[in-house]
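Shared chain: chain A. Partners: chain B in the first complex, chain C in the second.
Our next item is the complex of A and B:
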């Protein structure tokens, strides 16, 4: 046989060369068979580029094959590997280990919050999916005829739902949601971001019904605006912002009867009129005069603790004009950015 | 007894598209998937999906078909490719009507970008998250159509009864326990097998389970030696940087800063076909003109605005996993195992030689991609052929009714014993260790360039690993979320597919598409213009061949 040219091409030299480091992790374990939990500590040797997920893999492949966690893409797109790192939800595959190692810090890895634990770092996502299903998570063009080709959507209109379209349904936001902790039935940040993805879609025609549903119990007004979801979302979806947009859309459609909606409206009206938030009006206007009377004993308690402002002192800011000017500016901004866009049927597009 | 008319195995794009079509046709369909549908690896696709819409410049299905045939190095079946190119545009419009969020041109139409080896800007996309957008839109439709999903069920066997498909045996990962899920029709849509290589763009779940299931059910795997390497993957974890980066004008440079593609593809340069670019890179690195085992993907001249609007995901991936911001620095990249052109041998509707067993998506080999796939064609394949398989299986149910094929209790009991045997074993090596050994063997010895000697060593090693994997050390003896068990099962699929790959590669004494032999550097149409078939002969790979379908385009030399 003749000599083979470039036989050295078969194998890439140094293909596996990487700088390594030692990392220590505390991992929360839960055994579903004995129903007992504990913490295990492992030290593993991993590449300096390794993520928390790589560290868990090193544990599983070398030290303890019984450790369970979900993973698949290892590139922050499949949403499998949500878990708490030092108490806050994150994607294990998007959290580098190096910074912890450099700081000499042992991280603690535990399962996400607000969802039942199945085993070790694996949680039951069923309640999560149920909420996604609850917001009618698909495009509805009602009975409008679909075009033969594509809907025409202006690039700017598509941008309106760009952030929400990035959601990978990982659950990190839900894990840390303040409101879900007290009301597990709250639709929650992921489902609400999904809801806005359709309400803001110029092709969807079911906006009003969607908003009506979201204004019901456990809907948008139950959000406490803690912003943990924005902070924890690994894909920059900013679910709280989506909820705010849903609130604004609800007002436009006249859905103002929910307590949360009224609460928000008192804020707006009061600051507009007086430049101040008149807190004494907040409660009766939010929950209605009768319920407010029922809450009087509670109010008195607050008053004794010095937590209620004097209702009789005049509530008007010195320079209310400035507030009004700010208001006008915001109004103009909002008009310049039409939130609702309409997709065009190609038949209606001239000169195609 | 659990029973459905049609079972779709896998919930990536191919699987969900098939299920939706079957459901629309009015039959009882259920999906079985080891991952929640949106976790499937289709979601990782970045660059886009090809159809000749002609939105950007004039284009036609004929031209799409020709590019695909040429790209396949004439190993693609031209009847399948014609169907594919012709039906693609309507499938794209339908995805758009379902709600897919694609990037738009100024006139509101779907934007189309140029991709490697395509005669026109033909790739429809959504920034660089096309797969993500598509996986979510099909999941939305799955919910809309209220299709039953056996979520986190791991299929361990496809059962054939009296020569007919009888259903699937699957392990319920969340709750533990093995189930016989009966169906006269099973559509395999389990995706690829990239995890047999060390450097790979594929997810952990891409372990070729469906290929192994079919192989063990008596169906041949076809053209397994044709495994595409993607030219731009990160060294640290194999993550892919989309071809869209080069489509948008990115350069590939060696350590001296030269655009080395000028040597192998002076016209197409960085946008030459993937096999061509991967080889050029591998050569640069092997000859010492690389940087730390990589070449450099330079996007710095594109500017912040373009990077941020068209390729934001790639920028973030480079920052997260390579520690470089492509606005300021080039990204070190190297070829990584990316796409299995081969797979389950099936006909134009996806049916295999076992009546009632179908395949679609990356698991299948219809064959559209022949020896080399064009970027953007496989997402399109999942949709076109997923839909066709769903439709055909549903039609068959209606025509034929119950075929009488059943999973017998004894078959389930045998499988139960096999699984219990794996879970109960604590002697031997861990699955993870063997998987890594396999992956390095394949990357070193059956990579971009191959020789008889390297492939023979590779084969010996794979056979040795198959032996060693017969008893594995399992630490988890429980039944709930036992990923030690599922990884052991996946290792077995990987080893069987690797055996098919290396056996086919050793036999094919020519260079064609992704199969590049340093000892047989030319394409040899006289002897090798044929598909390889891998049969399971008592666990050993037995080779066979079958002709390629040629309609319009006679093989020509392939240059870019």
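Our next item is the complex of A and C:
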């Protein structure tokens, strides 16, 4: 086994004394000149405390100086080292190697998905930045007398956008976004979490404009709720939850014309009217009567299999008046409240 | 596994996917578990109410959970991924913040609805039968070996992710369906899209984006040689089954692959009759070959 001569291990006081382990990694390589990709397997001796990034550094120092990847902070702050570890995007510097070595498992390291590969593990982040820019990622302050020194935000208002403020723009959430695979133009989880960070900011004045832009093609209603973004985000931003909050803000501001919003509205109305979902209304109310008629052959297929319940006898839950009264009560309560710092959104739960 | 659950079939199993409800009831009987009806529950909102009216969603969820509590049940049995995630998300929000729970209960009381004390768990049928005592119970009733049947498991998103709310198994490398397929004597087929999305939530609003997602499991399962796909989610089922012809046209490839609900696969292995499993309610019909491999007892004179 080759001994590590990597500078950053030697500078760590006592690093040479730490226990070492042999780790094997399968790394996806891509050569932009030949346009060919392949997998290389390397074994390196690293401290037991090493991360995937440390292992890559060891490979680069000892075996192959041409291995390319991004890094900077080494402490999960800069967002440079996003890559796939066994198929799932993660920060290489935040992923310890020990658990894999202990399990006798050879990890596969490959570039993030949904972004073009430039070389080896380096992806082109240009489409990512373009989407971040598209949501106007800066404050447009309210037309009020801005305090000269500092503009204090009430803690309750700060809490509303706390999670979204934690984003380090690493791209891990985008890597496995299922809607983006299918529609590359979809704004995607990182940009939408960023959008919410400003829409939810009590000092910003562009709420309606911002929401209007997000309610069109490739906007919030493109999200298929696969929850890969929440699963992958190394900073617990939970972008899918931010998208749900954008949906709720859109409803509050009356942006309900997108097919996605209409779809959501059918669900709301159905509990209110009958308890269970009125599926017969879902198709025509979502895509409109004209499009629904175009889909008659499809509707007939469903009807033949008994998939379209009789519209004359929609399911009705017992005691549904309770739900009606509940709806009225909450609507009344919401009207009396200021737009921000309202009741905590159920997804604003902190500290996970 | 428990002997008694509050049973929350959700709207799809109560309406367009009745075959799932009927298969579940039949398999529950064999497993000797009592499913207690919840007559006045609403839809969980499928994530849509959560998105449009989060506060209302929290209240209707608390009302559902409160009803289970009042029936003396500490566990709700679900048969839908989306119900499972939505009820568990609400449960977490209510259990973790006493002030939120108090406010919701106050409102529920005002409208005369059941309040919620915070003591209910939500479990999907898949979790209950794929591990522990439930798995043993299933093994003992799986009397028919479905040998020769190649089954592609399709998990769907909302039983795996986000793991901090679901957390039953490794969300990237789940094995519960494979375990049950093997327990049925059938052969599990592996393919990458088994943990991805079927596109259902946006199939009406963004059909092309959704079909781009839906073709992946269909294509990969077919290429891997699967006879059928099995899923624990009626929404995934609707997408994979009812939208399959559209997906075929979209991909230029006639998939023709029957989709089974988890309860139907378990039911076939437990020797439950076609009249209860109701495969005729599927848009993509079972081929005679698959029917043979499922070893369905043909009951003379009963329309399945």
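Note that the second predicted complex is superposed on the first by the 284 of 352 C-alpha atoms of A that agree within 3 Å, B and C clash if a C-alpha of one lies under 4 Å from a C-alpha of the other, contacts with A are read in each partner's own complex, and residues count from 1 in each chain.
We adopt the following convention: a contact is a pair of C-beta atoms (placed from the backbone, for glycine too) under 8 Å apart; a residue touches a chain by one contact, two chains touch by 3 or more.
Note that the structure is predicted; figures quoted are calculated from it, not measured.
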Partner chain(s) touched by A:223 [first = chain B, second = chain C, both, neither]: second
Which superposed partner A:114 touches (first chain B, second chain C, both, neither): neither
Which superposed partner A:181 touches (first chain B, second chain C, both, neither): second
Touching partner for A:215 - first (chain B), second (chain C), both, neither: neither
Which of chain B and chain C A:203 touches, first, second, both or neither: first
Partner chain(s) touched by A:231 [first = chain B, second = chain C, both, neither]: second
Footprint overlap on chain A, comparing chain B with chain C: 343-344, 349
Residue ranges of chain A touching chain C (in the complex, touch as defined): 86-88, 178-179, 181-183, 186, 221-228, 230-231, 238, 240, 243-245, 247-248, 251, 258-268, 270-271, 275-277, 279, 282-283, 286-287, 298, 301-302, 304-309, 315, 317-320, 322-323, 325-327, 329-330, 333-334, 343-347, 349, 352
Chain C residues within the chain A interface of the complex: 11-12, 14-18, 39-43, 45-60, 63, 89-90, 92-93, 96-97, 100, 103, 107-108, 110-113, 157-158, 160-164, 171-172, 196-197, 199-202, 204-206, 208-213, 238, 242, 245-246, 280-283
Chain A-touching residues of chain B, taken from the complex the two chains share: 35-36, 38-41, 43-44, 53, 92-93, 96-99, 101-110, 126, 129, 131-133, 136, 140-141, 143-144, 174, 198-199, 203-205, 235-237, 239, 282-283, 285-286, 292-293, 316-317, 320-323, 334, 430-433, 436, 440, 443-445, 447-451, 453-454, 473-478, 480-484, 487, 518-519
Parts of chain A lying in touch with chain B, wherever the complex brings them together: 1, 4-18, 31-33, 47, 49, 51, 54, 57, 60-62, 64-66, 68-80, 94, 96, 118-120, 122, 124-125, 129, 132-133, 137-139, 141, 146-155, 158, 161-162, 165-166, 168-169, 198, 201, 203-204, 343-344, 349
